[in-house]
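Note that chain A is present in both complexes that follow, paired respectively with chain B and with chain C.
Now for the complex of A and B:
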């Protein structure tokens, strides 16, 4: 009942998981970097200078420069804005749409077949192709990119949520809730969802990694993030041409993606553990 | 005559699947007065729980189907009531205690929240008042109110069942349906829970339907007994009628199969045979394949109830034609 004490209780449990706390710190750092990119970056993200192209990491350019002489560190810092927001928002979109459809499908057996067969239809189309179609239809912009990435992974979320809701819905406490006069939405929101949320959290953190990568792939193909804008995936693809001679151009954005994705995963794991009171020690 | 609070008439419930039709409840009728308690006794699969779910309007549909009959609660037929009004009655005027306290509480909500939930659903209390009420209810069932913020897994089985009772009684219902409330508990806890239910029942004047297969439990808190066999009430009467003047061979068999502590016989008596498969019930009296007194007449036609006395009814061919 007391919201404050409940949050502090969750935080207390979360804190015990060192790995998750480390992950959270990393994530917060990245968010701070994204917010203050302008102040932190030594150069602009599109400051070109042919005279200093392809400089390997040194004191002046800690992460080196690319083929156009742009500072990789600055581009990385600015790029965190796009990559993080794509990760969060795209997954937010798929959690909402997929979660909603999954719950409805599992809770109302009459709609189950209609919804899930539609989801199957979407799954039959390769995710990248689907995302490309969506971006093409809506026009290429950052938001449409997120929408495309988010909507194209909706079916996966719908399946995961449906499966865990199906299992929860047969539990006796759901019947007990019905016996005290709770309505359908109350049962879904208070009794079923909190008991099936852990699968969704894990899926969401994993998908965030996937979303960042899909968005980069789309950027590479020319959908979404356009050329001078720094996005980690786009940087990765651009550096691919020089992977034999200037490996740092691919390794550095790749590492950035990896670190964020790993941090997201451990935080998701820790979150799932501390949200479940049954696992309390 | 006292005011009748619940009247179940000719209730018939079936579970229909592609393979078979299970006749879980066939023609069950009984009535309950205010403050009175009735025990539904019978073997597993006799249709006791389905009857209870039928009264609550909670028979899972599909595959469940209420084929006929009526459930009059305070004069209104619950079977014809729109879902919205039913929801107000559930938990408010009629509440139910489930068989297994281990799984009937939501594991991710504190017990306080779960008691407060039913209060919030059925009254206009604020959240703070509901929380206070939840603590009061916990105290009533003998759990310190301070444990209101604990989660169900932090309680023992007996305490969980107390929490269930607290939830069921939080809105002072007119009718409480307890579906084998003590089956999942050990004997000492059983006694405590029964005592608690009896006291609270007296305090609130709640009517009670107690579903059980334990004749001792029935003797402890019920006024009336209905013996259910294969979805039918085969004998119905006051506690005294059934315990001292039982007529139906099945009832007699049921009592005979209780172990007797004084008479140390080597073997327990059992009723021969098995409960019939409810998807293909025998014709005529549903008990005739197992009945030691079965006659040719028992095998055909419908077995109609026969009155033994004003309060005592039995459904057996031996008492047909009035000679009781």
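Now for the complex of A and C:
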């Protein structure tokens, strides 16, 4: 009952932010597209036909065709699967690893220094470079790409979670739980985490945008998905040599990345605004 | 309102920054390019003495004998260090360079070389026969020791200051090609010993240019050598190689006057360059074929029918059309037709039409069924790191899926790919290049020789080995062509490799730059260039 009203309260506040709602609609659209790519796409993502190579956008091919005669629209639709799943899973990985480390660090002061100094160490390495190292070491594949992007942003999550857990564990209800003899893990899972999760949600939404960009950049550099899979960054990279003559090959996947990332950003901002306890009336 | 004002201000600031950056660049280009605009403006270009070259990659090192032999590196080193013999492209003639003349004895076991008179090294020493023998000895101990194959350097000797004799352990005709190979350079022994063999800090070559400033990753400068043994060469006093890895940007540099010459023009820029009256294009087919091959060590590729089935399934003409943007041409034979003794040559008495296995999916399926794979199989295809070969990979993977072969494309970076192919032999299908790199067909023949470093596919047949050895020893040119033809025929019959396209050198330069030509190993001979 209480939970329900909290959610509806959040939704009420979120709804007021028009930009965020628009972003959410765009995101939902993209998710629908990703799920139903097979039904929506007029062609397969690897239907090659040399006779229709490099056709500029027209009625039959709204986004044109590439050098191998593949329909760019179909590839873009299939590509949304990769970009979105990379976004979700990579962030999922960083939420799990970063969240776990953050909670441990905050809850067990003895481990705090060790864990957080390790995280600082990772922070010192530029995220992109770290991701590249991980992909190079593991070999390039879809899963490794997610892993690389996810692991490289672990330290950020660890910090955010640690900070919010530190604040929560001093609360009276935690003390009360301890007083009635609850175990450490029960306290963490049932009392501390639910109360410090809002920071995590906001961070995760914003990080998802970053993850999609990082994954696209890695694919652009050739560290990502293997051809002929249509990842947006890889499409951008494949089209860049034609940028002077067939600009649509780069503009279209570029726009797709931009729209999704923008939508994620405004949704993240909107969520932060309505979840931030300081903004509560 | 306030927020949007901030945004506008920030954007304006960024724009200003960008504009000033561009402006600064433009200025430095103008002065770096040897007052390009000014001199060509008043018609007297005698004042322009610097050539700026937009190159694809930086030089890897300064070491001409042990160092890197990537195309980009050789293109620079070949201006500073010279070989005894110069090979001209495309007519494939051997011309005197440091050597004035060379002569075999009657049984082709000794080669007498006479040096030109008055060759100065960059350290001020005169190049002597003793220096040449020392250089060969250094090469023998280097990573590129194959250029000294079959030379007996213990027994080789200097006759006088300018004459020396290379004694060979057996007749070996490709020795001339080896002496013209860009790593087979001659240098001053004294200079080498004084610098303790530290190539980074010595300049002991004989080439038309000496080392200038090298800013790693961005530019290499060369300065003309005043005491070069040919009067009037090099005509252009300074050369600067600017590293610009992005294809499109390299061409734009020439269009905007930031560079006089652009190496490796990409296919998509050809049309723009052709339409531009101020830009001239240089095109020349190289001696490389890119091929697709198989891991002969394992089944199913040790079955010739499987290899032939794959060859039948590949439409190399269409593939070239969609992947190459007009650069190069579909393969004309096992080896390019500009290699002496290649049976791809139209006028060769042993000429064979290519493709031998003309695109035919029905035939491919039949052969596959005959070999016991009526439903195909799955395999991995190592395409390497080059975008072009990846495009081919995508095209071929799609084609092979039509005969039931399910291909997984593996794109690895250059080093990891080479490791998988050459060391671990952990691959099924891959693409690579085959070339007569030193100009002699023997080099290409050795690709089919058991355990040769270039025999990545792992083919091994004692009969083939004997044929290759015999052809290299044969002094009679006509007999040698026949033997070379038989080797190529055997390779085609057994479908050891499937050649797919022939590479092409495409450079472009401003119309005022004249005399541009290629030497061996696709390294342009900049000493002949001049401005008009």
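The rule is short, and it goes like this: the second predicted complex is superposed on the first by the 211 of 281 C-alpha atoms of A that agree within 3 Å, B and C clash if a C-alpha of one lies under 4 Å from a C-alpha of the other, contacts with A are read in each partner's own complex, and residues count from 1 in each chain.
Rule of thumb we're sticking to: a residue touches a chain if its C-beta (ideal position, glycine included) is under 8 Å from a C-beta of that chain, and two chains touch if they have at least 3 such contacts.
Keep in mind the model is a prediction, meaning the values are calculated, not measured.
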First (chain B), second (chain C), both or neither touched by A:183: first
Partner chain(s) touched by A:194 [first = chain B, second = chain C, both, neither]: first
Which superposed partner A:68 touches (first chain B, second chain C, both, neither): second
Which superposed partner A:136 touches (first chain B, second chain C, both, neither): second
Contacts of A:126 with chain B and chain C, given as first, second, both or neither: neither
Doubly contacted chain A residues - partners chain C and chain B: none
Chain A residues touching chain C - in the complex, by the definition given at the top: 46, 48, 50, 53, 67-69, 136, 139-140, 222, 226-228, 238, 240-245
Chain A - residues contacting chain B, complex: 1-2, 5, 171-173, 175-183, 186, 190-191, 194-195, 275-278, 280
Chain A-touching residues of chain B, taken from the complex the two chains share: 56, 58, 86-92, 95-96, 98, 100, 103-110, 112-113, 116-118, 121-122, 127, 131, 149, 151, 153, 164, 167
Of chain C, residues touching chain A in the complex: 247-248, 266, 268-269, 271-272, 318, 321-323, 325, 383, 385, 387, 390-391, 393-395, 397-398, 408-413, 416
